[in-house]
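The same chain A turns up in both complexes below, where it pairs with chain B and then with chain C.
Right after this comes the complex of A and B.
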């Protein structure tokens, strides 16, 4: 098992724009009946966003990335549909392909690898028992939402398209006696 | 009080992660050894506190998940699960260790809180100065996430409802006593 760090490092940065967007999407999704039926999921989601923001503010960017991806996973689970047999087979194929891609990469994608390992643990149990419906959904969410969020986080931040709606006036005063 | 105990176990997790800054096959064995040690600890010294009994099955499950992941060569997943198990087990152990607090009440809490805060402040400084260039990013992420949870937990502990209640009680009684409760974990 080779677990040394890959030569190309992940370029860490602040994820504040992504976190603000995810918080806005979370707030918008918090409507009945989902807000009632999935209340514990919303609590977990909001706590991960808060943790990610605090880590980001402390410049713990790796921890912030991990918490952000965990929040993205919780958000994805809010609307993830149940998977039929064909969709489950596709999850297995896609998971295998993603694992090969990460393994072949020269970049340190160990955080993506952690989430893929999680997805694999959802879909293949050591005792041979079948995965639950939630586990299939969870694996799909990791492939469809967590991994794209991970790769997007590698790119430079894009400025928020939404205006803040707040303005400030700055008056510069030159004090004549200094 | 639950928060301050959580803080102390986060310190334990940080210590474990610090030793795993560059995982190898040998360190996978190190993870397995730690899993075995915790399983043995749980077996030899089961959690008997009635307030914490629900934790036992959660710890067993987390250790089983960590073991399965380690056996499957999924080191990062095994580390993540081991951290969760360590979190729960050390939290339960610390919460069960109420003798000192029962004896001296708020003063004992204040002393433990003060010591933990000092250690956390030092660790926070170290974490920012630590050189991670030889470590996989996941190791850094798990360590930073644990670090990031520690100080808010510590601050919350000082002014959490049980502590406020104890402070109020201390003005009326010599030996205030709090009751610990455990909240269920988040959905998977």
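Right after this comes the complex of A and C.
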């Protein structure tokens, strides 16, 4: 991995709303035949969500973000279609564009860069051998689902990402005479 | 401002409740002594010392000193995280994280050893108070209720004489203003300026007035926070039982 030290780090935050949403989507997707055919993928996906939640609960937000993105990658692979030659060419172009975007950014996007370089390793083998169909799919998922999740995590969580219905009381005990 | 921001972030999801110290069942349940305190649902997440106490050292409190913008931002971030956790059904995580907060509400049980110099320049030590009922009042020049209490304490000292030692300890106030206030009130009390270790020895003074009553064996008989309408009556009742 090639990392340049960038001076600006974005504000990490709790990803609980996103993790809860992803867990719900994962549970909904766990239906036959997918739950049987892709059982190992579901195990990996659920374990990454659990890891992310534990890291998040410990306020290790960078680790939680990485685990969340890894979970998003596994989730994306559940339904990722095979790519034809034109789609494979587009993956290469999109990868190049994403690499330029991160290179031009002044912030520390090293977590995104981990995934981007993984995608690049899928599509370009050092020995010149052709990528597998799963590798093309994996690169597409990183571009279409992991990177957008990464950039979304830099924005404040939206209340709509949370389950509805529950309310919370916040009570301030104060001095009554002033 | 914080309330507005939280309300905007969680429309219809968060209700803000204000309860009076002395009439809060939540505070009673956790044994919270003093104010302010903050609960998220029924989890105690912040006690008075979190928001600052007299003589605090920068960075020692979780949200203190409260005047520091960074600490306010930390409180806001923590509050949002707690709300998020509870909304996704993880109140147990919040409770676990704040178990230490709930356990930090103990009060001083005996008269701490005083090592001060009074405003006349004489040593003020705990040994001088042995065998007497002791009333320690923490006050500040900018605290209007403190003035009326100090005047009343002068009357008490006169009433009980040597049986009672009244020590008035000023905090967070300029010395010239302290001396000016003392000169205009009763000079018969033991007046001194509380340093940080003294305030800490009394269990962190987070608000004024705060009054401690100790029996002749130095055990804590009563602690009165703030200046409720029946403050004097409560103190007189306790003193009467201690001095009978």
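General remarks:
Throughout what follows, the second predicted complex is superposed on the first by the 155 of 178 C-alpha atoms of A that agree within 3 Å, B and C clash if a C-alpha of one lies under 4 Å from a C-alpha of the other, contacts with A are read in each partner's own complex, and residues count from 1 in each chain.
One rule holds for everything that comes next: contacts are C-beta pairs under 8 Å (C-beta built on N, C-alpha and C of every residue); 3 or more make two chains touch, one makes a residue touch a chain.
The structure presented is a predicted model; accordingly, all values stated were derived computationally and were not measured.
Looking at the shared chain after the overlay, A:65 reaches chain B, while chain C stays out of its contact range. Shared-chain residue A:113: touches chain B; no touch with chain C. Contacts of A:43 after superposition: chain B is touched, whereas chain C is not reached.
Among chain B and chain C, the chain that touches a larger number of residues in chain A is B. Judged by the touch definition given at the top, the superposed model places A:34 against neither chain B nor chain C. In the superposed model, A:16 lies in contact with chain C only, and not with chain B.
Of the two partner chains placed by superposition, only chain C is touched by A:171; chain B is not. On chain A, the surface patch touched by chain B in one complex and by chain C in the other comprises residues 59.
Chain A contributes residues 13-14, 16-17, 20, 57, 59, 156-157, 159, 162-163, 166-177 to its touches with chain C in the complex. Those residues of chain A lying in contact with chain B across their complex are 1, 3-6, 9-10, 40-41, 43-44, 47, 51, 54-55, 58-67, 74, 77, 108, 110-111, 113-114, 117-118, 120-121, 126, 134, 138.
The touching residues of chain B, when paired with chain A in their complex, are 22-25, 27-28, 65, 68-69, 71-77, 80, 127-128, 132-145, 147-149, 152, 186-188.
By the touch criterion stated above, chain C contacts chain A in their complex at residues 6, 9-24, 26-27, 32, 35-41, 77, 79-81, 83-90, 93, 145, 207, 226-229.
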